[in-house]
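Down below are the structures I want you to see.
Note that chain A is present in both complexes that follow, paired respectively with chain B and with chain C.
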Partner chain A sequence: MRTTALVLAAAAAALALPVVLDGRQLGIYVLAGLAAMVTVGLALLMGFAGQISLGQASFYAIGAYTAGLLTVNGVPPLLGLAAAPVLAAGFAAVVGIGLLRLRGHYLAFATLAMQLILLSVLAQSEWAGGAIGLQGIPRLSVGGIELDEDVHYAYLVLAGLTGTLLVARNLVASRVGRGLRALATSEVAAGASGVPVGRYRLGVFALSAAFAGLAGGIYAFYLGYLGPGSFPVLLSVEYVVMAVVGGLGTVSGGVVGAVAIVLLVQVLNDIGTRPGMPSYAPSVLSYAVYGLLLVIAVLYLPRGLVPALSRRDRS
Partner chain B sequence: MANELAGYVITGLGTGCGFALVGSGLVAIYRVTRVVNFAQGTFAVIGAMCASSLLSVLPHGIAEPLAVLAVALVGLLVGFVAIGRPGTTPQAALIVTLGLAIFAYAVVVLVWGDQPRSFAGVPGAVTVLDGRVQSHYLLVIGVTVPVFAGMALFFGHTDLGRALTACASNPYAARVIGIDVRRMGLLAFAIGGALGALAGVLLTPVQQITFDSDVTLIVNGFAAAVLGGLTRPAVTLAGGLLLGVTQALVAGYGNAAHQTEIALGLMLAVMIGRAARRPAALEEPT
Partner chain C sequence: MHPLLRVNGLRRSFDGVFAVREVDLEVPRGELRAVIGPNGAGKSTLFNLIGGQLRPDGGEVVYDGDRIDRWPSHRRARAGIGVVFQGARVFRGMTVLENVMVGAHGVTRSGFLGAVTRAPRHRREEREILGTARECLARTGLSAWADRAVDALPLGQQRGVQLARALCGRPRLLLLDEPASGLRAAERAELAALVENLRTDGLTVLLVEHDVAFVSRLADRVTVLDLGQVIAEGTPTQVRADERVIAAYLGAEVSA
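On to the complex of A and B.
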């Protein structure tokens, strides 16, 4: 019951916050929400299907470019947003047929390679704006009403995150979810017990891509500008840090990890940009924090914040 | 046409040697510890940066080996964090080394700044088969080949090398006969650090190095090592040279922008091909 109370409190806070936050804080709220959507999917993939992805930002990029390109070419924005997760999931399903034959470090490098190839292709493609990127993406509009204030996007992100969480929670509680957990422990045993291993792995991969794609779609409308430089390899690593710190194999872990790290990096950014600090201070601080958090989390908190905290609760 | 070709091939062999050195560092560590060290490209970057600083006070020929030695110590440190804690699985250690690689960005930017750095190598150019090549590429090849020969001798014909190989083939049996597997793992990390740094030191005069050059280096090094199943240094050398020459030819005759796709595509094809031939069950952690 305590969990229910906590979830309700978090939901109430998330609903109330956009009203009280000011401009810059709303921007952080939106970015944290988007990161949480991607991380929920990645935590599902890493925790339940036991797969590392160092290329999760490529699905975010595909979602963003899908939404951006479609609307720039005259497709209604809502349709563009709807297409973002579909295309990202479709892409994941197709490349997944090959990539998911790989395990462990091979998969990690393969997903990293996937992202490097995608970035290189995007940077060279005229139709995608090349290295300069896509500019002038219109704002999202629903039935003639344009969402043009940050607070609108804050609620849009919240709606997207809620949808993501509901899908993830239902999946985890279902028969498929139990199959996935068995698969993460031992593929051979799961396969022998009748879990369709290949299909489930591909399914989770595509689902995590869909989450990232949806977040990317919202990002495109929110920022109005996209370039290959918006989706560096480091972004994929950041999602891994968020997922690992929050806790793999829990649905709420993705949200906790993403929010905690976005806030922490924001605080460090404030310190780093104070007068008197050298120009490289913000990036140095964030690299140091991402690196240290990842090392410490893996070595000393292997199950992440959420399981660690709830374990302390029970004992 | 013919003279261009010779030039491209030698340039490719030179960069390929760099990839092979990074890859062989990965192999040295993976064989003994089953850990894929994501910080392998970082060793090259730190090695290059150290050398560029040391060169301002020391002459060529002394500064470079010192930088390599320094990074061997860095490798030892990375190994300590990655496998020092008992019960760290290779999967977890991969993520730890990824974290260390990101942390190293902070250190490198703090110490050496975020601008590309380079230093002078062997000056001038030579003519090979009517093609002009920077002489430095010949030095790169001239250093790499003996290093690989030395590694083969070390792993096959010295007690220490054979102990490392024993840990690689059967850690349990190695422990039974009194080999300290953890110490051997740390030694492997130090060797990996030195090999990575050597790649960085050799390549920097012909390719500028920035703090985030490690991604390209580690991916190409991994691609080279994957050809040999991450365990065979000789195949890694062949793989690195193949990658280097292919990229140089693509850049020379086609479009330099497609280099990455070709190298990565090749790596993906090899990995997926190997996985398809071997059932997944064999690769499951036991």
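On to the complex of A and C.
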């Protein structure tokens, strides 16, 4: 009952906010929503299937470039948006066949390397706009109506996030979801119980990539331009921090973590860009705070915000 | 009719040391077969070679007419081989009921798409899985624990959860690795009664065990391993009288 009330309250707030926020705040809303979509997928991957990805921003980039490149070359925007999660998932499935043979730290570093390679390929590819990137991506239009205001994108992101959450929730409560949770604790016992461990690991990797790809697609239309610099490794780290802070192994944890971190980053940016602060202050602050947050989360909230809070009100 | 399980010249070594060498074994349908042997005899290796946790260096494992020694373990589970490990190989962080429901994986099929769209077929299957899982919990006497976190259970009950999980996949061959180890006397008796019961229902059971007393009461036939090789095979009484077995393993325990 209490959870339902909380979810309803959060949904009502998310629906009402775009109307009352001003321009700059709307931008933050959109970015938080996009980050939440990626993080929900990552929390599924890390929390339910026990795999770490330090390259989740690659799939975000692939989704963005897919949507951007297709529409710049005359494909209808909606089709471009639909292609974004499909291509990201396809890419994940192909690289995953090799990468997912690795475990733990090795997998984390391999996904990090994947992102570095992707970024350098993008920066050197003329068809992708090189280091300058893609410009003049048309705005998204649905049925002849062009989405050209931030408030439109706020609702588009909300719709995308809702879809992502529904998919994640349904999956977790299913046969496949149980199989994933099982293989995260014991691959041997999961295999012996009939769970096709390799296929499931690949499936959830591709699904998390699809979520990131969809978010990336929306991002491309929202911003109108893309470059390799829009997808730094720091972004991947940010997603991991969001997932850990919010709570792995919960579906809503991704949203809570993403919103908490995006708001915190805004505060830090305000401090870092005050007059008298050195020019490197914002980036140093954000790296330091991510590190600090990870340490604090692992020490004091090893299961993240959402499980910690829900346990408190049960007792 | 061919036996349900046939093992031919099976070999497996670790770092050049043979754990299992040239093992032959035939288990007819409906039999309760025990594999015994001293520590290091290769029992667990043999168990894992049949269950699919290890691949052999040579030889073959034939199950129900199919050569399965290269199959991944999930495919063997799907074919009807249920496994209960010696250690507490349960799925931590999940409830007892959820643990058992995972066992139905081999006999159900709905995938990512069905789960995400909540297709009618998927929902029907979910209800079936839930029903089967509850039956298996009842059978192993764990119904009262269904909604408890599996981590909270003592070792004996965790092994019961593994057994319920294996049964939930409707196996035809059940592999048990030292199921009685670490159990108290009363728990052993319960376990023995349950295994007896399953055999009466027509399940073929391969029981790897250290405890000779536990095996003697239950098994139709006993295979004795020593240093990775079969040194004797027969009824429990025959095996107990076999001199090589006594020399290798039983010694004082049997003569006493």
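One rule holds for everything that comes next: the second predicted complex is superposed on the first by the 315 of 315 C-alpha atoms of A that agree within 3 Å, B and C clash if a C-alpha of one lies under 4 Å from a C-alpha of the other, contacts with A are read in each partner's own complex, and residues count from 1 in each chain.
Please note the rule applied: a contact is a pair of C-beta atoms (placed from the backbone, for glycine too) under 8 Å apart; a residue touches a chain by one contact, two chains touch by 3 or more.
A quick note: this is a predicted structure, and the numbers were derived from the prediction, not measured.
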Checklist entry - With both structures placed on chain A, which of the two partners, chain B or chain C, ends up touching more residues of chain A? => result B
Next on the checklist: After the superposition on A, what does A:L26 contact: first (chain B), second (chain C), both or neither?
Outcome noted: neither
Checklist entry - For A:Y280, is the partner it touches chain B (first), chain C (second), both, or none of the two (neither)? => result first
Checklist entry - Given the touch rule stated above, what does A:L165 touch, chain B (first), chain C (second), both, or neither? => result neither
Next on the checklist: With both complexes superposed on chain A, which partner does A:S186 reach: first (chain B), second (chain C), both or neither?
Outcome noted: both
Checklist entry - What is the contact status of A:G177 with respect to chain B (first) and chain C (second): first, second, both, or neither? => result second
Checklist outcome for this item: Shared chain A footprint, chain B vs chain C, residue numbers 186, 188
Checklist outcome for this item: As the complex stands, chain A meets chain B at residues 52, 54, 98-99, 101-106, 108-110, 112-114, 116-117, 120-121, 123-124, 186-188, 233-234, 237, 240-241, 244, 280, 283-285, 287-288, 290-295, 298-299, 302
Item to check | Contacting residues of chain B [partner chain A, same complex] | outcome: 36, 81, 85, 88, 90-92, 94-96, 98-106, 109-110, 113-114, 215, 219, 222, 226, 257-258, 260-261, 264-265, 267-268, 271-272, 275-276, 280-281, 283-285
Item to check | Residue ranges of chain C touching chain A (in the complex, touch as defined) | outcome: 51-53, 72-74, 76-78, 83, 85, 89-94, 98-99, 101-108, 110-112, 114-118, 122, 125-126, 129, 162, 165-166, 169
Item to check | Contact footprint of chain C on chain A as seen in their complex | outcome: 167, 170-171, 174-179, 181-182, 185-186, 188-198, 203, 207, 249
